[in-house]
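There are two complexes below, and they share subunit A, which is joined by subunit B in the first and by subunit C in the second.
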Partner chain A sequence: RDTTMAATATSPLLFVIVGKNEPLFEAELTKPTGTSADSVTRQNYFVLHSALDLAEKAAWTTNSMYLKQVDKVNSQHVSTFLTAGNIKFMLLHGGRTEDSIRNFFNDVYELYVKVSMNPFYKYDTPILSKVFDQKVRVSARKYLS
Partner chain B sequence: NYSSLPPSTMNRAVASSANILDRPLGRGLRSSSTSEGFVSSSAFAYLYSELVQYHQSRVASISELERRLESAGYGVGLKVLELLAYRARESKRETRVMSILQFVSSAVWKSLFGKAADSLERSIDHADEFMIVDYEPITSTYVSVPADLGQLSVDAYISGIVAGVLDGAGFPARVTAHSVTIEEGENPKPPINQGLPPRKDKAVFLVKFSSEVLERDAALDR
Partner chain C sequence: MSKSTSASASGHALWTKMPKANAELFALTYGALVTELVRDYENIPDIHQQLEKIGHSMGVRCVDEFLAKAELAGVSLPPCGKLKDTAEMVAKMGFKMFLGVTADVAHVTDSGFSLLLQENPLSLFCELPEQYAQLKYSNLYCGVVRGALEQVNLKVECTFVKDTLHGDETNEIKVELKEVLQDGAGDDYKEE
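Coming up: the complex of A and B.
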């Protein structure tokens, strides 16, 4: 039981979409279990948000959308993808292949562009669509588990 | 409960309830054989005319009207930026001032107006100012501005689009539309709209970048 707790705690999968000012979407793709689950979750969010500054800096050094790994804390990696409108997709993971992360980001990118085309969706506001949430999780299961 | 409806109504109901996330984005103006991505210019002219009249009855000044037209175009710019970048399938973003301006004056213009902008110029006096010129902007094709509205440019809608693209991409700028008289022999191209008298004015979109944009761009040169 202790080893499974450690396994889920150290291979977290947290995906956040960040706009200019605030998070637009959050999904804990793997929920940590056990007694320290809450603090692990908080820690994960913390690592992700502190990687934001690094992502900002890296953004202007390349014109690629995929920024790869912008940060690494202990065994947690943060990979970032930037859309043309500078909306950041950030994934906290315990080590996944670049290809699978790229595939996941591309799937979410297509979903994001479709959401942004909705005349009722205002740019840089939280994405509340449940279908979006479902599809992100399906894509995560497909490429990241 | 869809089972109680006759089949044709049911198909319509089911089709319209398909989520936008399930529908394909389309490939845009790739092939001119289909009419996908094309809108009739009369439809646009009527719709735009209504938009201008709607705002005109609710404002107290010319600049307020221009500002409203600009904010109407702003959202279009943000969406067009994401859509065109996605459709280009290159997973690339623009990080330099010259490349984002070229993206606007060619890719965005071609996608929205069917042709690239007529020119992209840089101001000699101000390092932060650029001009995009269009000899026949569609927003003012069927518009004649009455004398009491003086300097009004209804092409402010297009300034809004440009501002939306630039802001979204991280290059905040103030964009304004100006009607400038066309000099004799200045425009060598034949007019697109042959049924109308030749235009006396061209639209010049003045793009003035925020200082931090140029500072960042200069830093990237080093």
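Coming up: the complex of A and C.
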């Protein structure tokens, strides 16, 4: 039991969608371990944001949307997916397989496209739809845990 | 063959002869129209009124096209003896011809009926934001039905009672017959 608790504690999952100027969507996808302090969460966000520049750089090296892993800090990896409109999906994880992350990103990309087709959604604004949030979490549970 | 199945078959025949448009383009165009109206008008009832007005001017033209195309296609349109026949014609043939979806008729009385739409091509990707959660997004249909029936001398009032965008399982438009108009040439031609 101790080992499983350690596993969940060291693999936080943070998913952020970043637009041109600001984050459009954030979701903490880990099961709450009860021991995650505020400082740990803030550190996670910091790691993600510092990876943004690396993501921009990596975008020039490949012509696929999935940029794989762009940064690694201690045991935390940051993977990025770039949409056609230069919106970044960033995932902070503790080492999931490339394939499962790619599947997750593709799923979220489909959900994102559906949201952007909503006539009431203005492009590059925060995504407030609860349905989107629910579906992202379902997809995360399916591919990332 | 029962009346309603032959109406469905005729509706389908008319639909096949109509020029088609991309469903996504159609839905997105309507979405852009609604969001423009939302930006122009302050309160929701005004938006409903505008959508209804737009629908009305579409409906008065739709019924002529329907009758003309039906004649060209050789589809027989028996005159509607009762309101139920009118309802069937609107639901199975009118909606099918212009939108490609059939509506169902329910709650038929002497003074009204309901149109039930399972799928709504106008609201394909739409999700109502919180401040417009009460918006009747597809109120256009109400105007179209009112305009179309007005041209055949039936004055009706249409309201959206159930909407899938508000969480209901189906879309329902209630049509109430107010009066049957006399054939008139309009105020301009009244004799002195």
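In the analysis below, the second predicted complex is superposed on the first by the 130 of 145 C-alpha atoms of A that agree within 3 Å, B and C clash if a C-alpha of one lies under 4 Å from a C-alpha of the other, contacts with A are read in each partner's own complex, and residues count from 1 in each chain.
We take it that contacts are C-beta pairs under 8 Å (C-beta built on N, C-alpha and C of every residue); 3 or more make two chains touch, one makes a residue touch a chain.
What you see is a predicted model, and the numbers here were worked out from it, not measured in a lab.
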Is A:Gly85 contacted by the first partner subunit B, the second partner subunit C, both or neither? first
So, A:Trp60: does it touch subunit B (first), subunit C (second), both, or neither? first
Touching A:Ser129, do we find subunit B (first), subunit C (second), both, or neither? both
First, second, both or neither for A:Tyr109, with subunit B first and subunit C second: first
Quick check for you: in the superposed arrangement, does A:Asn118 touch first (subunit B), second (subunit C), both or neither? both
Identify which of subunit B and subunit C touches the larger number of residues of subunit A. B
Considering each complex separately, which residues of subunit A are in contact with subunit B in the first and with subunit C in the second? 114-115, 117-119, 129, 131
Subunit A residues touching subunit B in their complex are 59-66, 82-86, 106, 109-119, 122-123, 129, 131-132, 135
Residues on subunit C engaged by subunit A in the complex (per definition of touch): 24, 28, 30-32, 34-35, 38, 124-130, 132
Touch list for subunit A against partner subunit C, complex: 114-115, 117-121, 128-129, 131
Residue numbers on subunit B that touch subunit A, as the complex places them: 19-23, 25, 75, 78-79, 81-86, 91-96, 99, 168-170, 216, 220
